[in-house]
Each structure stands twice: as C-alpha cells, then as structure tokens.
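Look at the two complexes coming up: chain A is in both, with chain B in one and chain C in the other.
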Partner chain A sequence: MIHATAAHVLRRFVAALLVVLSVSTAAFVLARLAPGDETTTDVMEGVDPKAIADTRDRLGLDRPFPVQLAQFTWDLLRLDLGESAKFDRPVAALVAERGANTARLAFVALLLATLIGLPLGVVTGAYSGTWVSRLVSTASIAVLACPPLVAVLVLLYIATTTAWISVAPGDLLVPALALGLPVGAALERLQSQATHDAMASLDLLAAAARGIPSHRLVWVHAARQSLRPVLGVYGIVIGSLFSGSIAVEFATSWPGLGRLMLDAVQYGDVRLVAGCVFAAGVCLAVGNLVADTLRSVVDPRVRDLS
Partner chain B sequence: MTPSRMFRLALVIALVVAAVIFSRRCGAPQSEADAVPQNGGTLVATYRTEPTHFNRLVEARPMARLTALLTQATLLRVDPNTGALVPRLATEWTGTPDGLTWTVTLRRGICFSDGTAFTASDVLFTFQAIYDERVKSPLALDMRAKGQSFQLRAIDDHHIVLTFPSPFGQGLAILDSVPILPRHKLQAALDAGTFRDAWSASANLSDMAGLGPFMLQAYAPAQHLRFVRNPHFWRTDATGQKLPYLDELEVQIVPEQNAELLRLQSGTSDLTNGGARAEDLAMLRDAETAGRVTLVDVGPAIDVSTLWFNLTPGSKAVADKPWLAQEAFRRAISHAVNRQAIVDTVHLGAAAVVYGPVSPGHGDWFVPDLGATPFDLARARTLLTSLGLQDRNGDGVLDDASNRPVEFSLLTQSGHTERERTSTLVGEQLRQVGIKVNVVPMDQRVVQARYASGDYEGIYYGAQANSKDPTGSRAFWLSNGPMHFWNPNQPTAGSEWEGRIDALMLQLAETMDHAERKRQFTEAQQLLADHVPALWFAAPHVSVPMSMRVGGATPTVIQPPVLWNAEELFVLGPRR
Partner chain C sequence: MRRAAAAVLCAILLVATAAPWIASNPPDLPFGDRAFAPPMRVHLHDTDGWHAPFVYRQRLVNRIDRTYVEDHTARVPLRWWTNGRLVSIDPGAGPLLWCGADALGRDLCARLVYGARLSLGVAVLGACGALLLGALLGAVAGSSGGRLDTLITTVADFVLVLPIVYLVIVLRATRPLVISPAEAFWLMTILFAFVAWPDVARGVRSIVATERTRDYAAAVRALGAGRWRVMTHLLPAAYGFLRIEFVLLIPALLAAESTLSFVGFGFGGATPSWGGLLKDGEALTAMYAAPWLLLPAAALFVVVLALQTVAGARAGVAGSVVDTTAPRR
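Coming up: the complex of A and B.
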C-alpha cells in the first residue's frame, strides 16, 4: 500500500511540475503579447528616448520574441526567474518575500474559514429546516454572491467606522476575514450537503436505532463521514485563496503576491508577472498534491483509479 | 415631584450635558485659525504607489520625489504658491549682470542627519553624480544649457560659483529640483560605479543621510514608510521654534483609491495622494459638513486632459480618414463641444473652461480666452461642409467624398471617471453635427501602448505636470518630444508652425527676462491655438482633502499638494 501511495504521489508530483512550468511559460507569452512593454509607461512620462532605448537594450526587448521566450524557458529550467524591471531586484527574492506574506494570509484565512465554515455546515446539514439553518444558509449564499472587492470595501468600511479592527497596512485581520469568509461560506455549503447526506445514510440510521445520542451522532459520526468529500476540495480552496487574494490584497494594502502581480501587470513587468504565476502555480500544485495524497490515503479507490 | 427633586434632576442633566460638551471639546481638534503650532505628534498620509528607489538622482517617480522632499534639502526652493525663490541650503546668491555666473553662499553650521557637517563639497559631489554617465540621472537632461553641463566650483566650504555655459531661462529656479546628497555616504559608490544601486528600496536605511526635515526610519515593502524628525534639521519658525513640528510622519501605501478615502473619512489617515476625484466630491463635502475632513480648493489643475488625433504622416488613421488631418475638422469639433456643459456635468461646476494646455493654474503664463472657440454648432457645421463632409444617405452621420461615414474611435482610460465621462459627452455633442465617435475605454497601460505604437485614431488622455514653468513641459511643446501627442519624436519639425514653436521654446529656455519669456510663450500658445493639433476642454479644480487634525497646510496644485511643506505641518488634535 505504501509503495502504491508513493508511486501515486510521484506521478502527481511530475504532473504538478509540468503544470507549473507550463503556466509560467504561458504567463510570460501572454504578458509579452499584451500591448506595450516595460518602457511603455516611460513614454507617457516624457522620459528621455535615449534612456528608454537603454532600458530596452538592457532588458533585451529588441530581440525577436522566440529568442526572448527561449531565454526565459532556459532561465526557468535553472530556476532563475530573472530581474524585475520595475523594482530593479531579482524576481525570486521579491516573489519569496511577498509569497510568504500571501501564504501567511492564506493560512489564517483558511483557518478562519475552516473554524467557521465546517461547524456551521454540520449544524445546517444536521438540523436543516430550522431557523438557524435558514439564517446561516442565507448568509452563506449572500457572502458567496458578493464580489470580492465589494466585500472587502464593506469590511473596510465597518472596520474604519467602528475602529474595532485596525486597518493599517500590514494588519492581518481585515484581509484574513475578507479572504476567509467567502471560503468559509463555500465550506459551510459543502459541509452542509455532505452532513445532510451522511445523516440520511443507512449506517447512521442504524446507529441512531442503537440509541447513540443525537449530538454524538451529528458531531462524531456524521461529521467524520462527511469530512471526506469536503477534504477533497481543499486543494481547490487553497488555489482559490491565492487567486482571490488579488482583490483583497489590493484593497486592504496587504503586501502579498496578488498585489505584486497586479503591480507587475500594470507596469508590464513581464518577468515579474511570470514569476508571480510561477509562485502561485507552485502553491496551487502543492495544495492539490497534499489534498490528493490525503485522499489517496483515506480512499484507496482514488489511488487505484489513477 | 418635589422642587428639590426637580432641582437635583435638573442639576444632573446639566452636569451630563456639560460633561458631553466638555468631552467633545477635548476630543475635537482646535480650529486652524486659533491654533498655535505645537511640537510632536504623528500624521499619517496615504500614497498609492510604492517606492522602487529612494535616490531622486536615479529615479523620477513620485515616491522618490516625496522621499527626497522629506529627507533631503535643496539649495533653494520655488514657492509653489507664489513662484518666489526661497532660501534653503543657500542663504543668498548674487549674479553677474548677464545672469550667467552666480556666487551662492551656503548655510553655515548645519549637519546631515548623521551629524556630518554640510559643506560646498556636497554640492559639487551632487552635480558630479548628476553628470556621471553611469548614473543615467533623469535630472541630467534638465541640468544643461544648450547641451552643456553647468560649471560648479567651490571658493571655500561655504561658497560656490555656479556658471551657466549659455543663457539659461529658468535660472537658479532649476536648483529647486536638485536634492543635495551627502558626499561622505555616496562618493565610494559613485567611484565604484554602483551609485544606481545605493539607496535602492532594498538598501540599508542606516546608509542614508540627508539635510531634510525627516529621516527615513523604517520601510516595510508595500506597507508603509516611517519618517521621523531629523534632530539636525536647521530650520526654525518665526518664533525660533525648531522645525519640523511633527515627531513622525507615516506614509502608508494604499493602492486602492476608495480604501484611501475610507481611511481618511474615518480618521485613520490624515492626508491622501492628491486631489479628490470629481465623483468623490459630494461625499467629501458631506464629510466636511459633518466635521470629519477639510476640503481645500487650490484652483484649476495644471495637467489638463487632451484630445488628440494620430496625425503622424503615413499613419493608418490619416490614410483612412484624411479629414482628421484637416485643421478645419478639428476646429469644427472645438466649436461643436459645449465646454461649459462638461464643466457642469462632469466636474459638477468645479472646473475652468480652457481652450489650450495652459490653465489658470499656471499663473501668469495663462492668457484668458487665447484661442477661444465658442460653442457654435452653426459654425461647426459650416466648417465641416467646407471640407465636403455631408450627410449623403440621410442616416444622420456625415459622409466624406468616398461615401464613408465620418466616424472615429476615441481611446480613453477606463476607470478614470473624468476622462470616461468627458469622452462620452464629447461623443454625444459631436453627434449633433453628424460626427460619430466610438468611445473605447481601455486600461491605462493599453492606451499608453497604443499611443507608443501609433495604433489609434484619437485619444483622450493626460499626463501629470510637475512644474508651472513651460520648460517643464518641453516633451509636449517640442516637435521632437515624446509627448508631442499628435506627431511625436519628429526628427525635424514637420510643419512651419511647429518649427516656429520649437524655436520659441528654445529661446524661452535661454531667456532670463520674465516679460520676454512670457511673450515668447504666449506666441507659442497662439500658434498652437491657430492650428488646433489637439483639443482641451476643462481644467478641473484640485480639491485637496485632509483630516481636521492637519495644521499648517498650504496646499498647492503641484504634487505633493500638502507634503511639500511637511516641516511646517503640525497636529491640531487627537485622532478620532
């Protein structure tokens, strides 16, 4: 069994590696094909054309696109992400610095989402039809339906007007709530459905018939049984935390990878765009790998199917 | 209820009311008028971009300018409100009658923030760095007269002689943009060819020193910069009190403009990046009425958005639609646009009608009604008819001689409400004379890229101006300038009138007499108005929002509107 699991993990790892390299290269290609380049902003700022020509030469922008792509790919294979044109610093250092911040934010947001979403999901799934269940479900749907930027601004408004939470750049709570609440709402919905299904399963009916107390039936038996499908989406959830963090980081001034990427896109810093995508790809791949591995350990059918 | 009980109740109510009033009084900032500047306290400003470099000599972006303004000092300053030269590190200056050679006396007994004495060698070093080819300083181009570097030499530690190689119109005012850097900190980097890397955003802050009112104590990337009082700062106020008044100034990096406003309104921050957007004015006025913010109208902006067509010879726009290149067509548009309607609807009345790139905000460089083309639909129609543009198929849109409809696409910056709304309104107004405008809002970068590649028909956009002096906008006026929007980077002037403007602007750069400079610039403006290469409609008033805690502010239209005199700012009351 251990051998089979290791082989499964290895296969997934190789696939993840290919995915990361592909999306990074695709990001480079798309960013380079977009109108403008690293010197476009300089043109409108009236920078001396000679200085612009120097920059273009330094960044190799005058070389044919296939040459630039080959250089990027070769650098990527050596894990050299190049220099950021905007920040005049190695992309790897910038990405590591901001990626650590995003990871911290994502971790806290995931923790909040889990602590809020799963218990509420068990409640709404096990006691569906009650007013508590209806209230929580409605709130979850409202949070899920709200665009991230609007949700962040509402949270910021509450935080700034009540002064209950600090909104200084670098403070974690507002961005973590902004990022975590929609994920918590999604987890609540999933957990609710899974719990509802579990409660209707024959083994739980049998357990109830054996006289197991209802709270134990819900919080131990149904919760454990319903966790399996929810666990499977954690990889996707981690990915969504990274992609959803762009709006949140932008509005709350959180110094993370999402904001760095937005800066890079706005400036046309192609190497930095690709570097950010590379980092996000690695996080997503690791998240999926962990989720897959856990699922393959918990459910042998997954391993066998792959 | 007995009278004694009523009395006790009244007393309690009176005490409660008094306590509430007293507590509010204590918590509320004092009014600016009766405020006496006090030392101490912290103000929080927000900025939307983060720094990439702290050295103004190698970086021209707003954050590098702000850092230089707060941590460094110049020999003299041009007061942004009055235009007068104000002594800074230089206490006095005397020039030869031809204005070419200036003897500048430097302030004695002052130190950099690390305690090292300031001498003439620091001034010479700064100019050495500017002119060093390896530094590639964005200031180098401005510090030349007819392409020649200024000559500087030290007479002693406190006197320098500055010689312009040829007449230089801006004169000593140019020194306002040159922060004097510490030779003892940077000479080694300059010698080693690593000057560009010194004082980068990832550099060790303890390696920095300056003569400005503050020192950069901490920088958290993408979060904030914390500036603390420079104990060695040399300025005092009229009463002899040492400046700056503030202990600390925190600049928080908040990229989202709505979040920036929320912070200001809630009292979390005190100052924003610049003027308020037109769409935020109503909300800010409500906040002002509620006593949460102060809104100061500092007059019309000096960077006016421009509508221009791609008139580059051989461009697809001109080849497909030759009428775009006709002066009469552009003049017809100018007559067909109701500028006052733009002022009233887009800017809610807070703007000035303009017909050229120079607004009333430019002070005496502005000539009222120069090149005015009053709103006159009949005149516009006549001009269009004179070009052979008529509605030949009765669809309400004019057609050219080849029966092609008179329509053009107008790119503008999406998310920039003023530009989007103005473009739409101009499109609607031009429909009345049979011109169809397809407004295409695009991301700012895409607009810039389309401009740089010449792949467009018309653009409504603008660039930030940092100086009221016309020489500060040479990139626009000169035919070889990158921002000569309608036909940039011309090897030689493509038309006689552009050649004449080039000559006037070069003369202006070399003329020292202000009246003569004004005459030259008025002629250049008149030529521009005569040939209508581009169109201008309204110069929005710049309204600078601040928290009620900010004292000593004298906002201006030039960036940064409030922090330009950060040393004189003080705190009026506690944070709400």
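Coming up: the complex of A and C.
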C-alpha cells in the first residue's frame, strides 16, 4: 500500500511540475504580447531617455523575442525567475514572500471553514428537524450564496459600522473569514448530507442494535463513514480558495500573491507576471497533492484507478 | 422554494431586458448636486392624509459632509408611463433616485439595472459557450474512445489544474486596460467558455462512455449509423447533467466577472457592471457614508441564491465548491 501511494504521488508530482513550467512560459509569452512593457510607465512619467535605454538594455528588451523567450526558459529550468523591473528585487524572493502570505490566508481560511463547517454539519445531519439544525442549515444556505467578493464587502461593512472586528492592515481575521465562511458553509452542507446518509446505513443500525450510545454513533461511527465524501472535496476547495483570494486580497489590502499579480500586470513587469503564475501553479499543485494524498490514504479506490 | 426562486430569476431577467424602460435616469448621466445622495423613500401619507405614492425632493444641506434632507414643503407624485419610463417624476423636482447616487451623482438604480445586462449576459453566454464546447468535446471523447478520447481527456485535465484566475488576468491584459464595453463583454464571455468547458466535458464524457456500452447504442451501430449519428443518440442521456451544470456555472461565472471587474481587469471604469459598481463602494469611507453603494453585492447574492435554489439543495453544495480552477477526480 505504501508503495502504491508513493508511485501515485510521484506520478502526480511529475505531471504538476510539467504543468507549472509550461504555464509559466505561456504567461511570459502572453505578458509580452500585452501592450507596453517594463519601461512604459517610465516613458509616460518623462524619465530621462538615457536611463530608459539603460533599463531596456539591462532587461534585454531590445533583443528579438525568441531570444528573450529562450533566455527566460533557460532561467526557468534552472529555477531562476529573474529580476522584477518594478520592485528591483529578485522575483523569486518577492513571490515567495507574497505567496507565503496568500498560503497563510488560505490555510487559516480552510482551518476556520473546517472547524466551523464539519461539527455543524454533523449536528444538522444527525439531528435534522430540531430548531438548531434548521437555523444552521438556513444560515449556511445563505452564506453559500456569497461569493468571496460579496462576503468580504459585507464583513468590511460590518467592521466599519460596528467596530466588532478589526480591519487594521495586516489583520488576518476579515480576509480569512471572508474566504473561509462560504467554504465552511459548503463543508457544512456536505458533512450534513454525508452524516445523514451514514446514519441511515445498515451498519449504523447494527451498531445501534448492539447498544452503542447515540452520541458515539454520531461522532465516531457516522463521522468515520462521512470522512470519505468530505475529504474528497478538499482538493476542489483549495482551488476555490485560491481563485477567491484575489478579490479578498484586493478589498482588504492583504499583501498576497493576487495583489502582486495585479500590480505586475499593471506595470507590464513580465518576469514578475510569469513568477506569480509560477508560484500560483506551485501552490495549487502542492494543495492538490496534499488533498490527493489524503484521499488515497482514506480511499484505496483512488490509487487503484489511476 | 424552487418555484419562488425561478420567479425571482425571471423577474430579474425581465428587468435587465427592459432596462431602458425601467431605469428612471440614463446610467451615465451625472447629477452634479447629487453626489452620494441617499436612496429616496416612497411615501403614501403626510400631514394632509393619504395620497397616491409620492416622494420628496432632495435638498443638499452640506456640500462637505454631503448631507441631504427631504424637502417636505411639496409632494412630488410618481408618474407612471410617461416619456417611455415606467416610473418617473417631474424633471423640475430633480432626478428620481431609488437606490441613491454614487460619487459622481449617477443614478445607482439605473446603473444596477443596466449592469445586470452586462454581468448576467457574460455569465449566461459564457455558460452557454462552456456547455456547447464541453458537451461536444465530451461526447466526442466518450463515444469514440481511443486516441481522441485520451487527447481530449488529457487537455481537459491539463486545463483543470491550471491557476485559472491568474491566467485569465494575463489573457485579459493582452488587450489594453481600457476597452469598449462590447469588446470586454465578448472577451470575457469567450475566456470564461474556454476555462469552464473541461468540467462539462468530463461529466458528459463519463455519461456518454457508459451509454455507449448499452444495447440501444449497439443497435444504432448495427443499423449502420456513423460516429456522429451514434453520438446524437447518446448525448440525450447527458441532458440532466447539462441542465444542472448550466444553472451552477452561471453563479461561478457571475462571481468571476464581478471579481475581474472589481480588480480592474474586466469592464472598464465607467461601464456599469456589478463588479465595477462594487469598486465604487469598496472604499471604507464610502462604505460608511454611502452603504447603498453595496447594493450590487446584494444583487449578486440574490441571483446566486436563486440559482442555487433552482439547481436543488444537493447540487447547490457541489456547485458552490466546484470551481473552474480545480481538478475533479
């Protein structure tokens, strides 16, 4: 079993590496196709033409495109992402710093979602019909209909009008809640359905007949059965956290990868754009790998199928 | 619940279609002395007793704080069906602002209603495109098998693990930042169709591949039907899946459009799409002074909620998590 899991993980790793490399190259090409380049803002701000010529020379902008692409690909293969023209820093360091921020945000959001969503889901699934579970279900259906953009604006509004939550720059709570609550609601609904299905299964009936107390039935027996369908969506959830984080980072000024990407695109900083896509690809791949590994540990069918 | 949600959706579509007649003012017309004017309230009753619905004229009392008071000296009755507008008031009494005004004094209600056309249009057409592309490719993959199947599945798998949002932003940036609303509309629609098809294709492929082994498919083949003919017989099995997928893709694409416009890479500045409108309400000071600028968020919420209700409770959960950015395995 260990061997099969390792082979599965290795195969996924190679595939992910290929995806990340090719997609960063594509981003480089596309960003070069965009109007303007690293010196456009300098030209508009009337910087000394001599300095601009120096910058163009340093960045190799006057060389033919195939040469630039070859240089980029060669650097990429050596995992050298180059220099950011806008920030005058190595892209790798910049991207690692911002990527870590986004990863931290996504991780806390996922943690919040899990801690809120799963227990509530067990409650609504096992004790449906009570007023508590009706209330929770209604709330989670409502939260489910909030895209991260809506969630973050609502939370910011609550924060500004009531001062219950701090919105000081660098505060993690609002962005993490905005990103995590909709996911938590989705997890709650899923866990609820899974628990409900598990409670109706025959082995739970058998366990109940053996005289196992009901709280143990719900929190141990049913919970274990519901693990598989719920863990299955974690890979998908990680992806949605990533796409949702752009709106959240933008609205709360969270210094993450999404914001860096927007800046890079705006300034035509091609190396940085490619670096951001590279980092996003790596983060997504790692997230998917972790989720997949979890799944193949819980569910042997995943290993055998692939 | 589903009926009610469907009715809400129909009403919103109707309002969006009939925008020029519903909106009381043009969406781009700034009223200089109405910056951050609050929503007007409809009254039925005053000290003289009951009347037909009327509003009070708004008066700017403090230009710095932008405070407005209702001018209670005269009632301004609502007029129905005049000058081709559903509801209007006497132009001498100033603009009719149901949802208040933005920083430039533009009618937020009009902008919301016109914005629905763009936002919903992109989402619905993008979903249609993704569905067409996904159904076609999925059906080809599922019904033919072999190399073509492997090729299509590999491409779909590839697209599914990409950091899609980042790529969409890069792709959008290949065009100038300020482009015409029509160009932005079609650009986003096509982009969305191209990033959302793999999910559809995978579902259709697995359905069609299962159907291919059934007796009726063998019968069609035995009667001498070609590959396309067989496909047209197999594809109807995926209708249920496609219907659910369509309803669930729209909220996802709606969120994508509003996010892109919100961060400045969708519809340009003055174009009233829902995401673009939210950019005006995003500043904390604006949020505090003019919370009605967050109404587009409420509109998004209502549409997404209604769509998820129509899709059904169970499907709604899957759809909200199933994002075009992530693999499904």
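Everything below uses one rule, namely that the second predicted complex is superposed on the first by the 269 of 306 C-alpha atoms of A that agree within 3 Å, B and C clash if a C-alpha of one lies under 4 Å from a C-alpha of the other, contacts with A are read in each partner's own complex, and residues count from 1 in each chain.
In this section, a residue touches a chain if its C-beta (ideal position, glycine included) is under 8 Å from a C-beta of that chain, and two chains touch if they have at least 3 such contacts.
Only a predicted model underlies this, so the values are computations on that prediction, with no experimental measurement involved.
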Which partner does A:153 contact after superposing on A: first (chain B), second (chain C), both, neither? both
Touch test for A:222: chain B only (first), chain C only (second), both, or neither? neither
Chain A: partner with more touched residues, chain B or chain C: C
Applying the touch criterion given at the start, work out whether A:198 contacts chain B, chain C, both or neither, answering first, second, both or neither. neither
Using the superposition on chain A described above, determine whether A:179 touches chain B (first), chain C (second), both, or neither. neither
Once chain A of both complexes is superposed, is A:31 in touch with chain B (first), chain C (second), both, or neither? second
Answer with first, second, both or neither: which of chain B and chain C does A:161 touch in the superposed model? both
For A:48, decide between first (touching chain B), second (touching chain C), both and neither. first
Mind working out whether A:250 is in touch with chain B, chain C, both or neither, as first, second, both or neither? both
With both complexes superposed on chain A, which partner does A:86 reach: first (chain B), second (chain C), both or neither? first
Contact residues common to both interfaces of chain A (with chain B and with chain C): 34-35, 153, 156-157, 160-161, 167, 250-251, 262, 266
So, in the complex, the side of chain A touching chain C is made of residues 15-16, 19, 23, 26-27, 30-31, 33-35, 141-142, 144-150, 153-154, 156-157, 160-161, 167, 182-183, 185-186, 189-190, 193, 233, 235-240, 242-243, 246-247, 250-251, 258, 261-262, 265-266, 273, 276-277, 280-281, 283-285, 288, 292, 295, 302
For chain A, which residues count as touching chain B in their complex? 34-37, 40-41, 43-49, 51, 54, 86-89, 93, 97-98, 152-153, 156-157, 160-161, 163, 167-170, 250-253, 255, 259-260, 262-263, 266-268
Contacting residues of chain C [partner chain A, same complex]: 158, 161-167, 169-171, 173-177, 251, 254-256, 258-259, 262-265, 275, 278, 281-282, 284, 287-288, 291, 294, 297, 300-301, 304-305, 308, 313-314, 316-317, 320-329
Using the touch definition from the top, list the residues of chain B that touch chain A in their complex. 50, 52-53, 60, 136, 138, 141, 200-202, 220-224, 252-256, 258-259, 262-263, 265-266, 268, 444-446, 448-453, 461, 463-464, 475-476, 481-483, 489
